[in-house]
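Chain nomenclature is as follows: A, B, C and D, assigned in order of appearance, with residue numbering initiated at 1 for each chain independently.
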Amino acid sequence: MSMTNTESPRITGRTRDEIAQRLAADLVDGYTVNLGVGIPLAVPQHIPADREVFLQSENGILGLGPAPEPGAEDPDLTNAGKQPTSMIPGGAIVDSATSFAIIRGGHLDVTILGALQVSEAGDLANWYVPGRNPAVGGAMDLVAGTPQVWVCMEHVDRHGQPKLVRECTFPLTGRGVVTRVYTDLAVFHVIDGVLTLVECAAGITPEDVRLRTAADYIEAVPA
Amino acid sequence: MSMTNTESPRITGRTRDEIAQRLAADLVDGYTVNLGVGIPLAVPQHIPADREVFLQSENGILGLGPAPEPGAEDPDLTNAGKQPTSMIPGGAIVDSATSFAIIRGGHLDVTILGALQVSEAGDLANWYVPGRNPAVGGAMDLVAGTPQVWVCMEHVDRHGQPKLVRECTFPLTGRGVVTRVYTDLAVFHVIDGVLTLVECAAGITPEDVRLRTAADYIEAVPA
Amino acid sequence: MNKFRTDLHEHLDAVWDGASIAVGGFGSSGRPDALLNALSDLGKKDLHLYVNNVGDDFTGIGRLVMEGRVRRLTGSFPVLPEFYDEYFAGRVELELIPQGTLAERMRAGGAGIAAFFTPSGAETMLSDGTFPASYSGGTPGELLPAKEERVFDGRAHVLEYGIKADFGLVKAQQADPKGNLRFHLSARNFNPLAAMSGRTTFVEVERLVDTGSLDPDDIHLPGVFVDHVVMTAAPIPADLPRRAASLQKG
Amino acid sequence: MNKFRTDLHEHLDAVWDGASIAVGGFGSSGRPDALLNALSDLGKKDLHLYVNNVGDDFTGIGRLVMEGRVRRLTGSFPVLPEFYDEYFAGRVELELIPQGTLAERMRAGGAGIAAFFTPSGAETMLSDGTFPASYSGGTPGELLPAKEERVFDGRAHVLEYGIKADFGLVKAQQADPKGNLRFHLSARNFNPLAAMSGRTTFVEVERLVDTGSLDPDDIHLPGVFVDHVVMTAAPIPADLPRRAASLQKG
């Protein structure tokens, strides 16, 4: 148990862009991947050049490309954030039912999401802060259907409170769905339902991580 | 009650082709229709020239045309009976799930089928004679989904036994699904769940029909 | 049977107050704004809309909501802040459901599938009976009913019901007189599903084409799902202001 | 990630004895005969096939059945008389289901829908637990289990389960290296659904095309459902004898 109720001193681990870069290094050649908003949107620019990763957008695009040049936007080609986008050669369009058949049916390899909280059992909360405006989009379908759910997030919230917790206090997006967590401080895998610290960022010690984590977990960091 | 256990004398009503012609006269301009095998296959050639009736084939064809000229067959364009067919301009191809979405979702206007038996409650038996080889195809989907199920059949079987019965003795295709029955002797509608004789063929009397029908029904034949 | 119509208002006036309507579009992409605006112009009200988003401006769905014409909205991502003002003020009800569940429910309704079990949203407040569908006097009123749950292969699923809407509103790129449709890129999204879900379906298109000019292999949605086609839609200009400056609430 | 394969047998050998396999085709139209024959050539056995028809000859499904390689067949319209001989002799099991239910179950399995309620087959012997799935010594053995029934809108429906097959076998007209597929006319039928249903899906195509040569709006099935593509299929000649003259049973 490493629950902390007091704010830990600020330390400097990976930047948000470096979190995306660290996650991108784990993507396997040939994966088809869905990206959520926030840090995940920075992942594509860090995919190693020797790997082909196909991007899916929940509104029916397979083979999402980069943002178009100014003036080349097409109102009929927008991404899940409703922004103009482009497609790569070999891409395909499907309707929303088929898009979510792909998602729910387990045909994506990884979905990459931000999070409000992740519990030690891999529960995810990322859709709703009570009191604010509720909206869910495709988040619950993505975590229910995708074999691997990788979260990238800051290790603590802006008040310094841990986001890796024993039990989520925010409403759940899905129960026991998260398989990896990439933060500014560390990388965790959920192995057979057990949250496991597998890597600390450069300059970060397991003790630094422990002080800023409210979840129980196993340490399996290579010496 | 008009159940008969003795064979009635043979009388001559409509031919099989005339049954199809009589049914075709009731098709409304703009209808989309599915045809079963047997007498229903003769319906298209009798559709009045002033009406457009769109034909659907369960294997994914909307806008079925006539049999192609010899030599013009395409193995990739076959009808529900696996025979080469053609399409009319304005036709469309869908996959089998969408084809049955159309059927089951109630988007056809009429399905026209043959029958082994029809009960006075509109139950239909047309898929299986116990002891023979069982095969169902799309029959149960068609009768479950289509708003109007029109049966065309001989009034009695080849042993002279009535096919309009109190309760079907053959296994059911669907319960309470038949809305009209066209035979060589008469036309019946099922009105609010009640089998109703609405028309006798030329030279056929209501008494002729009564003698050859085992179902209870109401007579509403114009004088 | 030519499904092309010249007088949009005449035909769309068949929509009754209180009707349920399945609407295509994802944000403003592929949204049938001409049809939606016509509903406003015709003074329709008390509507139950099945649509993924409200959008981020006061055209289309946003206009209907802000004019007080929407009784209930079933969707996944309303977005428009003013929509939530209406929701919290008790002037519109919100049935919030996962996006994939909305798409599948529309398809199921159109396909004669009464209900289906999906893992999406199981064991969350969108299925456990705690989410407020409405507010009254600033506090939660009606709660969304708890969904029937069942475990398949060790995972929790919830039962979701097919949506058979009274009407479907759709935007397409091309239509022929039989109502066969083609969509353009990601503007396809919910449009084929809204067409399937609607008992009577209206389509606005950018381009009318002759019967027989669409290859049967290249039709995205067959005309059997379509009742009325009007040519009103123009491609949305890329420089469309994202939020209208003036708004008349009504 | 190029999905084109040159050695069909090498890749198809991944199919294990006892595997479940969803197969496209309606009769011989769109049936992946090259893949099916390769299963015979590789000596695979004890298979559970999900396929609409056996067909009317001893190629493809018919060959697998007559060689005794099929443990169970789930379909709607077997047709081939010799298939029924095997069934009544207790050498193959038959799960007979409505055609639309087969199509929807394949799609559901591929779409993560665990089960759905459909009116097709409700209140019939295909849902009441009386249909013999197998025969033993000339009398019915295992009966198909009675299906869960529920009434929606006053009409009886039955619960049907999604089919997640170990493998999908598909025939298409065109494929690009990403596995994006186009089908030709009514040869499309069950093929996209078998591809969705299979955890690993093999496709035989008539024509390989370059990446980017298929318009994203004109792809019938995206490559995300496809694992291996081989070019083996030729168009079936229209004068193909409908039944082979010689047959070796095995």
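Operating definition for what follows: contacts are C-beta pairs under 8 Å (C-beta built on N, C-alpha and C of every residue); 3 or more make two chains touch, one makes a residue touch a chain.
Everything numeric in this text was worked out from a predicted model, so none of it was measured.
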| item | value |
| --- | --- |
| Which of A-C and A-D has more C-beta contact pairs | A-C |
| Distance between chain centroids, defined by C-alpha means - subunit C, subunit D (Å) | 35 |
| Distance from subunit C to subunit A - Cα centre to Cα centre, in angstrom | 29 |
| Computed distance of Cα centres, subunit B from subunit A, in Å | 56 |
| For subunit A, residues that touch 2 or more chains besides their own | 87, 93-94, 97, 100-101, 103-104, 144-145 |
| Multi-chain contact residues (two or more partners), subunit C | 104, 107, 111-113, 118-119, 184-185, 188, 216-217, 220 |
| Touching pairs - complete list by chain label | A-C, A-D, B-C, B-D, C-D |
| Footprint of subunit C on subunit B - complex, ascending | 29-30, 32, 52, 54, 56, 62-63, 87, 89-94, 97-98, 100-108, 144-145 |
| Parts of subunit C lying in touch with subunit B, wherever the complex brings them together | 1, 107, 109-113, 176-178, 180, 196, 211-212, 214, 216-217, 219, 222-225 |
| Touching residues on subunit B, where the partner in the complex is subunit D | 57-61, 71, 73-78, 82, 84, 87, 93-97, 99-101, 103-104, 128, 133-141, 144-145, 171-175 |
| Complex contacts: residues of subunit D adjacent to subunit C | 104, 108, 111-119, 150, 152-153, 157, 182-185, 188, 216-218, 220 |
| Subunit D to subunit B touching residues, read off their complex | 26-30, 52, 56, 76-79, 81, 84, 94, 96-104, 106-107, 118-126, 131, 156, 173, 184-193, 220, 235-238, 240 |
